[in-house]
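Below is one structure; the comments refer to it alone.
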Amino acid sequence: METLRRIIERNDTRRGRIFDLGIQALIVLSLITFSIETLPDLSENAQRWLRYVEIVTVAIFTIEYALRIIVAERKSEFIFSFFGLVDFLSIAPFYIASGVDFRSVRVFRLLRLFRAFKIVRYNKAIQRFHRALMIAREELVLYLLVTTMLLYFSSVGIYYCEHDAQPKEFASVFHSMWWAVATLTTVGYGDVYPVTTGGRIFTFVVLLIGLGVVSVPAGLVASALSKAREMEQ
Amino acid sequence: METLRRIIERNDTRRGRIFDLGIQALIVLSLITFSIETLPDLSENAQRWLRYVEIVTVAIFTIEYALRIIVAERKSEFIFSFFGLVDFLSIAPFYIASGVDFRSVRVFRLLRLFRAFKIVRYNKAIQRFHRALMIAREELVLYLLVTTMLLYFSSVGIYYCEHDAQPKEFASVFHSMWWAVATLTTVGYGDVYPVTTGGRIFTFVVLLIGLGVVSVPAGLVASALSKAREMEQ
Amino acid sequence: METLRRIIERNDTRRGRIFDLGIQALIVLSLITFSIETLPDLSENAQRWLRYVEIVTVAIFTIEYALRIIVAERKSEFIFSFFGLVDFLSIAPFYIASGVDFRSVRVFRLLRLFRAFKIVRYNKAIQRFHRALMIAREELVLYLLVTTMLLYFSSVGIYYCEHDAQPKEFASVFHSMWWAVATLTTVGYGDVYPVTTGGRIFTFVVLLIGLGVVSVPAGLVASALSKAREMEQ
Amino acid sequence: METLRRIIERNDTRRGRIFDLGIQALIVLSLITFSIETLPDLSENAQRWLRYVEIVTVAIFTIEYALRIIVAERKSEFIFSFFGLVDFLSIAPFYIASGVDFRSVRVFRLLRLFRAFKIVRYNKAIQRFHRALMIAREELVLYLLVTTMLLYFSSVGIYYCEHDAQPKEFASVFHSMWWAVATLTTVGYGDVYPVTTGGRIFTFVVLLIGLGVVSVPAGLVASALSKAREMEQ
């Protein structure tokens, strides 16, 4: 019992590390098969294989879940912990989907992505990123508010500049928001862009302001990351 | 009277916080209805509802404005303060528009956006952002000057490179400026781009310089934000 | 004489500041008329006015140049100094162009842009920017070298991935460089982009590396600007 | 012997510097001819000249390689060192390609790019960049992991939003990844973009998060560069 707990809950033994790596590999495999299933024109053979992989994956995750409950000192605490719920949600859709009809399967398929959260248990990178986000939380909320306001006023402005010239692309303030998102983030797909002189000057002004707002989080996260690193040491 | 003042001007009581949240919710509601009104093909029913919402909103804002004047210790000082003027401009267009004919309504509609400024009273995020902009003011002005010069010379340069090959897209230095804005901010809509070898090499050189200029404000604002945070504490 | 020198060379008197502002306004006017001249379909009337403005501008700049020589203590030193040469080149093209035939005028027109450099004399922003560039010089040269190498290898890589699928867009390594410039700077006009799976994966890898290289100068310039500010104080 | 070693291995004599510059010029020339060879419709004359340049380049590199072995104190150590192998791989393809048939030449041509690594021996900029990458290694790996996860979930999300509306562009999660790469890096070619309201809102959310993730390495590399500079001094 004590040996089993050590293998499952910790990774300071060789077998513990193998167990951890095995589970992680299975999570990645599961995400890859999820993607492959979306490919159009899959042969029947491929579909059968994907189903086999899915059954084996769920079987192993179920055993893992059972083992984690068995070795947990306070069982109910584990079951209702973040990782306990994630473990449960990683396998539950499979068992429920077996009993229902075909059409709702697509939603259940999406629920399988919960398995990705299982990897957080092992991933120090994501844990540090999470800590960095906590450090810069206040600034990031501020940034979201200012960005939202900037997007709103850009949309209203460009709507008034361009609506008459391009009544379809800039049909309403909501339609104009798509332009504002693509422009202020500097993605610039090129599906909507101003054609009037007024709209272009407005775009210029908005971008000058936007460059000082929208790329701010990069700096915030970068400095928070270095703080998070110091805190770990 | 003292209790009323406390509810309206401060938020250290429960009723004061409810009052503040109510006004804020109304401002957001007002901005949303403003956007909905721009949607094409609105049903008569929807238009009637939007008019009702507008009347109720203005009524409440008018009451709020009256109350703020009543509780203000120095009345004329409040009326001509920034927030006093904003409160006035948030309701004035509605009363004036009722007396004039239909065609000029569109401009008055736009004036309703002044209501957005009312939210600044409650929003600490925008206040801190404003303080950060004040800290980095000098650098930001410098950045605007250098960016403007860079844009001007890029426009002249690309005009000479591309005018003969694309006389329509690069018709003059002013037309070329649109290309310069879209390129130096790295938005790149793709509606205008150089096609000659000279123009492409010029674009490359301009972008190498531009990347060191145009994204500078992000760093300036980020560091000013952290200074503004320190100053608050 | 001493009073004249004070007006022209310094700006600690009221008349000195007016003189400086007047020259600066004239420079900006000159750059604007330069741009207007490139507009297609200018009326004869407008062209005549632009010619008048040009003659007046050159006349004033000539007087300014003469005055600066007169008040300079070491005349030859001023004439061959940076600003002396800029002042000379700002007016010389006009006098030379009067004597030659029409076709070469276009090149002379471009030389008028030298007038923009005159403004550097008054512009503290550009002077500080120049100082910042000096501070980060070494890193910026390094960045140019690494960027050039990254661009070269990206071009070669995408050429091998995409040449067979798009023989026209990726006709040679040189043609592919245009794609590399537009992609690594994240401008992404959308006139050339990879269509093969190999080319897309290559683009992904190149962009992951590129994001860590191409936006570095923004950080370098931002920190150099704050150093330059400290040095001024 | 001692004089020769000094010329080849060090650059503290005048002849040593000339030797170094000569080799570097030859490397750059070699990379340029490599690019020229990819130009379509090369005349026979040009092809002949390119072949001559190639033969001379390889001849000089062979002599250089031989000299470096001769002057090396521990010969086998040099041969199996990084730069020894690079020197070997720079000339080997030429000799092997002479003996085989025409079709595989294209792959051998690509191997000639190994010559670019020869320049690292002389380039302090790249050495410092390499040191900076070592300093920020841990953070960069973290960034790659988080970026990969973000890309994966963006692809899955947009696939579910857009697959029904654009079954060709968003045919599978793998196809959607191309959109995710072009969007999160803000390149935005404009060949694929969401058209549904759901997809556009999803793009907005993903970009808000993405801007705080994808541009982080620029900050990391910039600060690592300044640390690397300090370490050198």
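Letters are used for the chains, namely A, B, C and D, taken in the order the chains are written, and counting of residues starts over at 1 for each.
Everything that follows uses one rule, which is that a contact is a pair of C-beta atoms (placed from the backbone, for glycine too) under 8 Å apart; a residue touches a chain by one contact, two chains touch by 3 or more.
All values reported here derive from a predicted model rather than from experimental measurement.
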Contact distance in steps, from chain B to chain D: 1
Interface sides of chain B and chain C: same vs different residues, half threshold: different
Cα superposition angle of chain A on its copy chain B, in degrees to the nearest 5: 90
Chain whose mean Cα position lies farthest from chain A: C
Rounded Å distance, chain A centre to chain D centre (Cα mean): 31
Rounded Å distance, chain A centre to chain C centre (Cα mean): 43
Interface hub residues of chain D, defined as touching at least two other chains: 186-190, 214-215, 218-220, 223
Partner chain D, residues of chain A touching it in the complex: 31, 34-35, 38-40, 110, 113, 116, 123, 125-126, 128-129, 140, 144, 147, 177-178, 181-182, 185-191, 214-215, 217-223, 225-226, 229
Residues of chain A that touch chain C when the two form their complex: 186-190
Residue numbers on chain D that touch chain A, as the complex places them: 138-139, 141-142, 145-146, 149, 152-153, 155-156, 159-160, 163, 167, 171-174, 183, 186-190, 193, 200, 203-204, 207-208, 211-216, 218-220, 223
